[in-house]
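Worksheet: the structure to be examined is printed underneath.
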Amino acid sequence: MAIVSLTRVVHFSASHRLHVRALSGAKNRALFGKCNNPAGHGHNYTAEVTVTGEVDAATGMVFNLDMLKKILNDTVLKRLDHRNLNVEVTAFRKLNPTAENIAIEIHRMVQKHLPKTLKLEVKLFETPNNSVVYRGEIK
Amino acid sequence: MAIVSLTRVVHFSASHRLHVRALSGAKNRALFGKCNNPAGHGHNYTAEVTVTGEVDAATGMVFNLDMLKKILNDTVLKRLDHRNLNVEVTAFRKLNPTAENIAIEIHRMVQKHLPKTLKLEVKLFETPNNSVVYRGEIK
Amino acid sequence: MAIVSLTRVVHFSASHRLHVRALSGAKNRALFGKCNNPAGHGHNYTAEVTVTGEVDAATGMVFNLDMLKKILNDTVLKRLDHRNLNVEVTAFRKLNPTAENIAIEIHRMVQKHLPKTLKLEVKLFETPNNSVVYRGEIK
Amino acid sequence: MAIVSLTRVVHFSASHRLHVRALSGAKNRALFGKCNNPAGHGHNYTAEVTVTGEVDAATGMVFNLDMLKKILNDTVLKRLDHRNLNVEVTAFRKLNPTAENIAIEIHRMVQKHLPKTLKLEVKLFETPNNSVVYRGEIK
Amino acid sequence: MAIVSLTRVVHFSASHRLHVRALSGAKNRALFGKCNNPAGHGHNYTAEVTVTGEVDAATGMVFNLDMLKKILNDTVLKRLDHRNLNVEVTAFRKLNPTAENIAIEIHRMVQKHLPKTLKLEVKLFETPNNSVVYRGEIK
Amino acid sequence: MAIVSLTRVVHFSASHRLHVRALSGAKNRALFGKCNNPAGHGHNYTAEVTVTGEVDAATGMVFNLDMLKKILNDTVLKRLDHRNLNVEVTAFRKLNPTAENIAIEIHRMVQKHLPKTLKLEVKLFETPNNSVVYRGEIK
């Protein structure tokens, strides 16, 4: 069977502040610049979620697109859309909500709902010019 | 002389909350839905700022593009980028930061720096699917 | 009060065939080329629906965005999305489903749901390179 | 020599219906939802075709871009553009025209025209939010 | 009959240098900055050409799209694409090739081929962030 | 630690001419077509620069985004933006400035400024429809 990757894109709007509690204010400002602004700021995030696996001979699909939409609705949209990430998302109470960490958190949430046979990749755009990809790799 | 419109696009990231103090919590939630979320959310805003006037015969320009960039830098970017609009922008301490009101505020700020002979129009995208235009018209 | 235009964008996927019954096959092929292909073809249409009016002093909005979304859902999406326009849409049983006529039909459907005080404009993209605008003007 | 990937993007408009003959009507509706609509619907498809190989030291190119354009014209555009995929494309008389299967078919058509030394990848967008990639991998 | 605007988008790649012979080198550098670089630079220009008029009751079209494509091919693409505007385009031997002047030149070329009953508008993007519109207005 | 890729996008406008001195005029025209036009032409190039490595546990970042912006400013923007590539960029005095070779040159310039632990990839768009990727692979 052919191995194909299927990507579904979802958009969410959220606010955040880059800040690491263990570091001083000066160090935080040096590391994160205007993104460390105490009152926060926000983005229209775009998540491109890709699953890779064998195409089912009967249906011609890698994974049912409506099921993928439902999973993304129940995870990414329900928990992150129109939220203040630092305040309202458990994962970011302690963890710095960088694009890297948000992509890793989306990967963790979506992975739970997928068959083990599918490989998962998450690309997250913070702006059209800044993005990250997490493929589940750990070193 | 030919009349031409010149548009410069700038991007800024900000957080906001739609909320009208004079109205009850229930009324605010009914009017603004998830945009009324108390902890706020955010957007990558795009402002398309258009000036219309005669093309200068000597230079071939309606208005100097570098001057327009500088004006937008000193107004839109300096005051709105990486800000919490409700908390950090004077105009929105009392006024609800809807896309409509943000466009009107940008129009007000930019207008001050332009020659009176130029007509000004501001298009503001809150997301790629939601936008407003203010042309300085009052009824 | 300030006069502002508010635009909401919706996407729909549909198939169509450009064909005028009153004309010969040869004339239809000459007029519409590959778009006259008897088996039809399709597009991802994008409709940008714009309402213009006074900004409400209390809410800071021209028109409630959630209401506009609901109107577009009940008209554009419900009647045109994932449809064969020639076969399944009453307006195009006789009328040629050109971009021009689709924009006029969307304008007719949406207008019914709007307050008389708002001016309505519909921009319809058949592809990113081909689009039309109907502003309700009749000569 | 450096190994570089070269991508050329082409657009085509087509109609299709997701339907598997071997399955019942109820099962087809459950699997494909509105995409199973009997009268069909359509899309502006975008195919990103990528060839990877060594950069030629004399020309500075991986593969001649005009030749790649000609290959895509003679395959993707000539056979799929402004077509009803289920009715007019031989491959989809029996095979369900899912994005996965269309990408595999484009890969098959283009591969025939390429030197064996080039690796081929096809990314197909059905809409800006739904896409697939086929890299010629079989399990 | 309904009045509708029809837009066709074309892309061309060209090089240019902003420079006014009647002015000193210092004045040119002050006015045009890096765009005055003597060796030139270039852009992927996008021209959105819009014609406005009555929808033909028989065909459902404002103007035949294939005819509009042919006009743009014979004017914009043939004369400006893959050209050095200052050196190879007669209009810019003396005239500064600003976005404003290029839009006016495209308007002049296209207007000649159109019926007098159609209103013509040309929007020209030099980059996604810089654009101009010329509607044929003269003061 | 998680392995994540971070991408920053930069835009530059430049002119070039595809031409290989060692080949005849006829051969150059056959190979490069309109891109061999002696007076040159130009593009709005987009470079997507991706670094891949471990996410720092303290900061939540693969690499500091402000540092990456500074590197791209000092290399890509300073040396290529608003330039005639053939005339003003040392690397292309002899080397043909194809998209492939420009991507390799950007990779070479950026690599010098990065920690050895990061993997570097450069995607370069000459137009939205033509792009190349160089990942530092040599055969």
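In order of appearance the chains are A, B, C, D, E and F, and numbering begins at 1 in each one.
In this section, a residue touches a chain if its C-beta (ideal position, glycine included) is under 8 Å from a C-beta of that chain, and two chains touch if they have at least 3 such contacts.
Bear in mind the structure is a predicted one, so any value in this text is a computation, not a measurement.
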Chains touching both subunit B and subunit E: C
Option reproducing the contacts of A-F, where over half of them reappear, out of A-B, C-D or B-E: B-E
Relative to subunit D, chain with the most remote C-alpha centre: B
Centroid distance [mean C-alpha coordinates] between subunit C and subunit A, Å: 34
Chain centre separation (subunit E, subunit F; CA means) in Å: 29
Overlap residues in subunit C, where contacts from two or more other chains coincide: 128
Interchain contacts, given as pairs of chains that touch: A-B, A-D, A-F, B-C, B-E, C-D, C-E, D-F, E-F
Residue numbers on subunit B that touch subunit C, as the complex places them: 18, 20, 22-23, 31, 33, 95-101, 103-104, 128-135, 137-139
Subunit C-facing residues of subunit D, complex: 11, 13-16, 34-35, 37, 39-44, 81-84, 87-88, 127-128
In the complex with subunit C, residue positions of subunit E that touch it: 1-10, 54-55, 58-62, 64-66
